[in-house]
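Chain nomenclature is as follows: A, B, C and D, assigned in order of appearance, with residue numbering initiated at 1 for each chain independently.
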Amino acid sequence: MTQTYSTTIELRFSDLDGYGHVNSAVYFTYLETARVKLFREPFEELTRQGVFLLVARAECDFKLPILFTDSVSVSVRMSRVGGASFDLEYRLHDGKGKTFANARTTMVCFDNNAKATVPVPGSIRALASAETPAFKQGDNGHAR
Amino acid sequence: MTQTYSTTIELRFSDLDGYGHVNSAVYFTYLETARVKLFREPFEELTRQGVFLLVARAECDFKLPILFTDSVSVSVRMSRVGGASFDLEYRLHDGKGKTFANARTTMVCFDNNAKATVPVPGSIRALASAETPAFKQGDNGHAR
Amino acid sequence: MTQTYSTTIELRFSDLDGYGHVNSAVYFTYLETARVKLFREPFEELTRQGVFLLVARAECDFKLPILFTDSVSVSVRMSRVGGASFDLEYRLHDGKGKTFANARTTMVCFDNNAKATVPVPGSIRALASAETPAFKQGDNGHAR
Amino acid sequence: MTQTYSTTIELRFSDLDGYGHVNSAVYFTYLETARVKLFREPFEELTRQGVFLLVARAECDFKLPILFTDSVSVSVRMSRVGGASFDLEYRLHDGKGKTFANARTTMVCFDNNAKATVPVPGSIRALASAETPAFKQGDNGHAR
């Protein structure tokens, strides 16, 4: 059982499209932004080593359009850790009970030098544990 | 049984991210670009009427990274037409047998004036038929 | 003589391009993000009225590449207010003396219903005054 | 005196913003897309060598909003070649006399391994000559 990490997302006016809503592809950018914040320290260290965290699968159920005046938070938890991959579950919401979308990604760890998948590094695996500070303190200072 | 529509995508250098691959969220932009080309005529007419084609669900299985030197095509077919929604299936490929990703979206038709979903318009429904010219002639001139 | 408003920018991994730097076009997105934060209240009210703040001219001198590990702030000041247009000057920096870029935009006020430029609204004009709270308190709480 | 290279740009629905126009920052993405098409061969070779073509300065005069139904072409010419930098001039237009924007960029050649600017490579310099095929045959097959 893992903790959930929550962070706010800074909307950009250019995130909107011709419908006046945040474009549906940008929801996946919000997922990535939350994910990279969650993993910041291991992410930067792994990137330096040439180990990439690649998206193997992404899915999103869009519940409500996001308008520019909305506040957007992403809550994310690691729902599975396997040998060379792990799953993340996300909720995009307004912090006050309104859910914009639910989403899931499967991530694989890829050594860009060896051009091969590698086992999930310990620094990522550790984030699955409830005791990890990264899950306790998001940018906006609260785990849920 | 429906025809498949294929179109090439113009890559942009800014589609790449820090990994040197096309960013995973941009795959969904490619899906949208193909979809909007397929639906161009009804899309523009519906937009004028305030009827939006919204993504209710999107999923993508990423098979291979896309590099800037790759050629990218999207093949799309309408796999289901229901009352107020329809499904599209996509394959992102290089036109020569290499598959970058497989994807699916569920689209809903939303009347932005009435703020309510509406039945799938006939102009969209017609595209599900094999005889539709839009499916026979993509930007790159071939259906598969 | 006007106050300067400063705000931090949330970088996204997808802002990087194939060079591993923030893409040059994204600098202009950062300018817009800062500008829209500065103008948030009048911006939302004007948008509801159909009055758009359009960019008539933009220029940017790029001094240093922005890496994903960099912190980015934008400081912006209104350097000119004319009849139907005004100028903004920006500095993109790390908050510690490193300047990434200097930029300027000329903005025009456009009534999208009348399809004509309109005089700079009082709510925008007021921001040029040193006493305006918006200039005293950015998202990160300090004017410089 | 140099030739002008022209190419069409594939618009994306997500290029629009909340105003229903192509976002102003995206104009710079269009410039880059045209530039990279013009330079494709030397660009790919230089990138492999770790030589980056960086934007040192960009400026754009926005004349008309671009709507999703517009056709957009970029015409670009090399207006100056110096020791370690060169200038490009651009016109964004509809191919039928309507100008959306005029723009200029100053490019510098940067050796990412040596972390130093380098002289403009001969492969780029050659493009300034009127005899260069790349200037004679754009993607849409005509120089102007």
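Simple rule for what comes next: a contact is a pair of C-beta atoms (placed from the backbone, for glycine too) under 8 Å apart; a residue touches a chain by one contact, two chains touch by 3 or more.
Keep in mind it's a predicted model, so treat the numbers as computed, not measured.
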Contact-richer chain pair [B-D vs A-B]: A-B
Distance between the centres, which are taken as Cα means, of chain B and chain A, whole angstrom: 25
Distance from chain C to chain B - Cα centre to Cα centre, in angstrom: 34
Geometric centre distance via CA averages, chain D-chain B, whole Å: 28
Residues within chain C bordering two or more other chains: 13-14, 18, 23, 25-26, 29, 32, 68
Pairwise touch network: line, ring, star, complete, or other: complete
Parts of chain B lying in touch with chain A, wherever the complex brings them together: 18-19, 21, 23-26, 28-29, 31-32, 47, 52, 54-62, 65, 112
Chain C - residues contacting chain A, complex: 9-10, 12-14, 29, 32-33, 36, 44, 68-69
Residue ranges of chain D in contact with chain A within the complex: 13-14, 16-18, 20, 23, 25-26, 68
